[in-house]
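Shared between the two complexes below is chain A, which has chain B as its partner in the first and chain C in the second.
Now for the complex of A and B:
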């Protein structure tokens, strides 16, 4: 029974990580640049949830689910703003420039949040209340179930958007071949801004989901970004499905090791794993199509 | 470097200004801030090796700083060890760590490298916080001693300031010494045109290794000085804030210039002092500063200072005699059964080809027939799946590009590979960087002479980035010739050249072959190739379909079919 309990925890954590990793991949595919501020965007979403909850009138305890649409919308705006500041002005420069601008943006978020809220861990409201259901000896936490549910709905929604709508086709076209997409009349800049908005909205949702059970601290961004990166490296560079699989795998690993030994050891081993993977597969576990013509 | 001669008086002015400020005006608090600035100068100088010179975005500079800090902090506060023992260890331990993780990490490119180094930083932070018995955990350890050298305690204030800045000056002198000659030039080539680096015999992996280890050693030294100054050690020294601060200093000051490191460090450490109102928003301000600098002045402050001092250097010596270019050794090239597949595409399907010393062989074939693949395999940019390449009785199959170049194969590229920020003379002089026994002045003199032979005397002191296509091709060729290769491979050398330029090129190649070199020319331009080549080899779909006397090869049915389609084939 203990194992089943852990499995649900791992699934909840993995579901939230999946949202983080998907946002990371969306931007990666659209810009071929790593967004080093992505983890801090998740933190921003978490603290936005904390702030919105405290803004609510009186002692009225608002379920987190009510906040979700507002967080998605505000974080989408935030993402669009981010693209205007850190990517669009420098998109013709070498990728390392984007790394630096996103690092700068991340440090602004992290320390802005730190100055506004202080450095201590904070917690956002639960999605649909605390407690849980008992089924025999098995106890299902309501929050964990809600996290998995919300993530599933968001991921399904994204899949529908990308695969079944004209906008989704345009977004995918820009990710696969920006020049060709422009040649057939797709507004590349608009698609880039939308991609950043989508990624930030998902990251914000992940912040809300993580911020109750696992708390949120201004300095969490780096670790979250590394985990998204490891998930993507394991799952296959650029693959959305792989990112979800990688995120679930990391969460399972983390929950299992943390339950047997401790959280720091789990995190440390994760980094060691990354080094081992990179040692044997410098281009990631499933490789990245790399071509170079003299 | 004589192109930056103007920075020496500038450094002197800065030194005098800082010294005057410290002695005449500074309060004890100001002195402390200035001391910390000096420590950051060392940290930034170290970061310039890997980020500036090697061009790799490392996020481990904070980790090396923290590691040096912890070595001194733990040994000093817990075991009572003195500066003379802890300082060398604080340098050595991060350097050894860097050398150890270099194996998995340094092979990585771009974001992989950045994230792996970030993981290193996070891993060390994790250890620092959780290994409480040794590190003191989240609270850290108090009671780190000051600097004591053989019973002489360096007092706080002016003396400590002078000591730190003296070390910073030493660090700067060492950085200058490492980078001032041909060695520094090879970093520029490696950073700006990695492909050309290999072809010129520059060992990219070795340069990156040296830069990474040096950056770690500097980081460790800075960390040690830092804990001696603040007298406590805590996980904050491993925080990402320090890494971002160093990155900002380096970008804002300048990525490779010593004066840039000083400007960046002093400016950024004094930023919160000048804007007292910022307080807890200090790091937000650092982030904003980094964003603004990278958007509007990505080359940093030092670039603006350097610009004015460059001018008076344009004095090309008149009447340079072009050298009689001879290959260092003569040797032929022997290729047998070379196979290369890219996924399901067979680029080369068992190619045999010989080029004798003194011979010019033309390699033709339609687009996609495998010509450039062959050139890449010959020069080590790619490894063949099977087959072998023999140079002077030595099997060189699958060796890395720089080794092949050093063994005597030179090449030019279809798109000339020139470091945009270098002057023509230096782009050619860099060809001697892999040799080790040539100094910069000799290399430059040789480069000027070779450029003169190609009619480029007047352009020798111009920047590569401003050159027209034909000139770029000539410079690419000059760099290849400067190595005196026994075999030279030219990938479409005549493409885009004017008639005059093509004639000069043909004459140079004829002379070079006559002096004993084996020359392999890949080209489409038959008016260029037919009179030049003694033998023509035609590739199609990875096979050699014809070879022999040029006029006969171009008349062969198989060759015509390859170029114009099978329908033209005579029955």
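Now for the complex of A and C:
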């Protein structure tokens, strides 16, 4: 029973990490640059959820699921703004320039959130309320089930967008060959802005999902960014499926080790695992499928 | 007097200040098939890249009477210029169908009609509709690159070395398709294989080290093979 509950916790954590990692990969594929501010975007989403919840009249206990559409929309706008500020003006310069601008943007987010909300951990509302379901000795947290459900819906929605719509095909074409994408009439700048918007929307959703069960502080961005980086490295650089698989694996690893030893040991061993993967299988466990970029 | 579909005035192409094509003046009329001939390094690919906007060009470029010199590549494509690059450059991770559909900026029904027309032109692609493009043979990839360009219903098709790297039999199929396309689409065809290009072309320009050394009818070049001789001699000398 205990193992089943741990598995559900791991699945919930992994599902939220998957949203973070997918957003990271989307921008990576579209720009070939690492967005070091991506973790801080997750934090921004978490605090946006906190802010929206407290703005409700009379401190109404609004479920996170009700806030989700607003968070997705506002964070998409935030992502579009981010692309205009930190990527598009310097896209023709060496990648190191993007590293610096995204790091700087992440620091601005973290400090801005700190100034507005303070440094203490904050909690966003649950998605569909607290408590859970009991099945014999097994207790399933309602929040964990909701995190898995919401993540699954968002990931499925993204998959449908990328694989079944003309916009999705255009986004994938830009990720695979930006020059030829332009030659077939696709506006690269527009697609880049949409990619940043999608990535930030998913990051915002992840912020909402994580900020209840696991709390959120302004300084969480760095760790979240590293988790996304590890998930993508394990799963295969540039692969969306690999990012999801990597996220689920690192969450399972973290929950298992933390339950048996401690959270700090789990995090430490995670980085050891990253070194091992980089050393023995730098292409990731699943490699990068030929041209599967999106 | 009829307005040319495309005309250049002093159009030159350079890579980071290094000239690849010296200022060129030429015009392509609606329905023409213009062959750009010359040896490797003559500037054929650079010229086509300059026309579609992938490589910076200076001078004036007019398409359907409108100066498009300042337009971005995507806007030139949307105006009706399609490009089949050297090396095919298909979207390898996408299926054959996706490669075609992504290039058609039209409603779903129209996209489907265009896809059916592409499969009529290249039946081999129809059988591989759901296959990933990287799984296709070289010849099929070239067919896909041409079919993808045709999905935009272009007014002008720029083709760079469509026969490069293909077995002679496959190259023949590609040329047959080109001839069919040339019946109702204006084409600029850059090709090292002059005899192949001249079978399809109505007019020709010969480039030699970025300079235009001849402009005239395809028949002139066919009847006076010595026109290509200096460039061929230089290419052979480089190869030896």
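Odds and ends about this structure:
As a working rule, the second predicted complex is superposed on the first by the 279 of 294 C-alpha atoms of A that agree within 3 Å, B and C clash if a C-alpha of one lies under 4 Å from a C-alpha of the other, contacts with A are read in each partner's own complex, and residues count from 1 in each chain.
One rule holds for everything that comes next: contacts are C-beta pairs under 8 Å (C-beta built on N, C-alpha and C of every residue); 3 or more make two chains touch, one makes a residue touch a chain.
Note that the structure is predicted; figures quoted are calculated from it, not measured.
Of the two partner chains placed by superposition, A:120 touches none, neither chain B nor chain C.
Of the two partner chains, chain C is the only one that A:169 touches; chain B does not reach it.
Of the two partner chains placed around the shared chain by superposition, neither chain B nor chain C is touched by A:3. Contacts of A:55 after superposition on the shared chain: neither chain B nor chain C is touched. In the superposed model, B is the one of chain B and chain C that contacts more residues of chain A. Touch criterion met: A:188 reaches chain C, while chain B stays clear of it. The interface of chain A with chain B overlaps its interface with chain C at residues 292-293. By the touch rule above, chain A contacts chain B in their complex via residues 33-34, 36, 85-86, 89-90, 93, 95-97, 99-101, 103-108, 110-112, 114-115, 219, 222-223, 226, 229, 262, 264, 267-268, 271-272, 274-276, 278-279, 282-284, 292-294.
Every residue of chain B that touches chain A in the complex is listed here, in rising order: 55, 57, 101, 103-105, 107-108, 110-112, 114-116, 118-120, 122-123, 126-127, 129-130, 195, 239-241, 244, 247-248, 251, 280-284, 286-288, 290-291, 294-295, 298, 372, 375-376, 381, 413-415, 417, 491. Those residues of chain A whose C-beta lies close enough to touch chain C in the complex are 166, 169-170, 172-173, 176-177, 179-188, 289-293. Only residues 52-54, 72-74, 77-78, 82-83, 85, 89, 91-94, 98, 101-103, 105, 111, 132-134, 148-149, 151-152 of chain C touch chain A when the two sit together in their complex.
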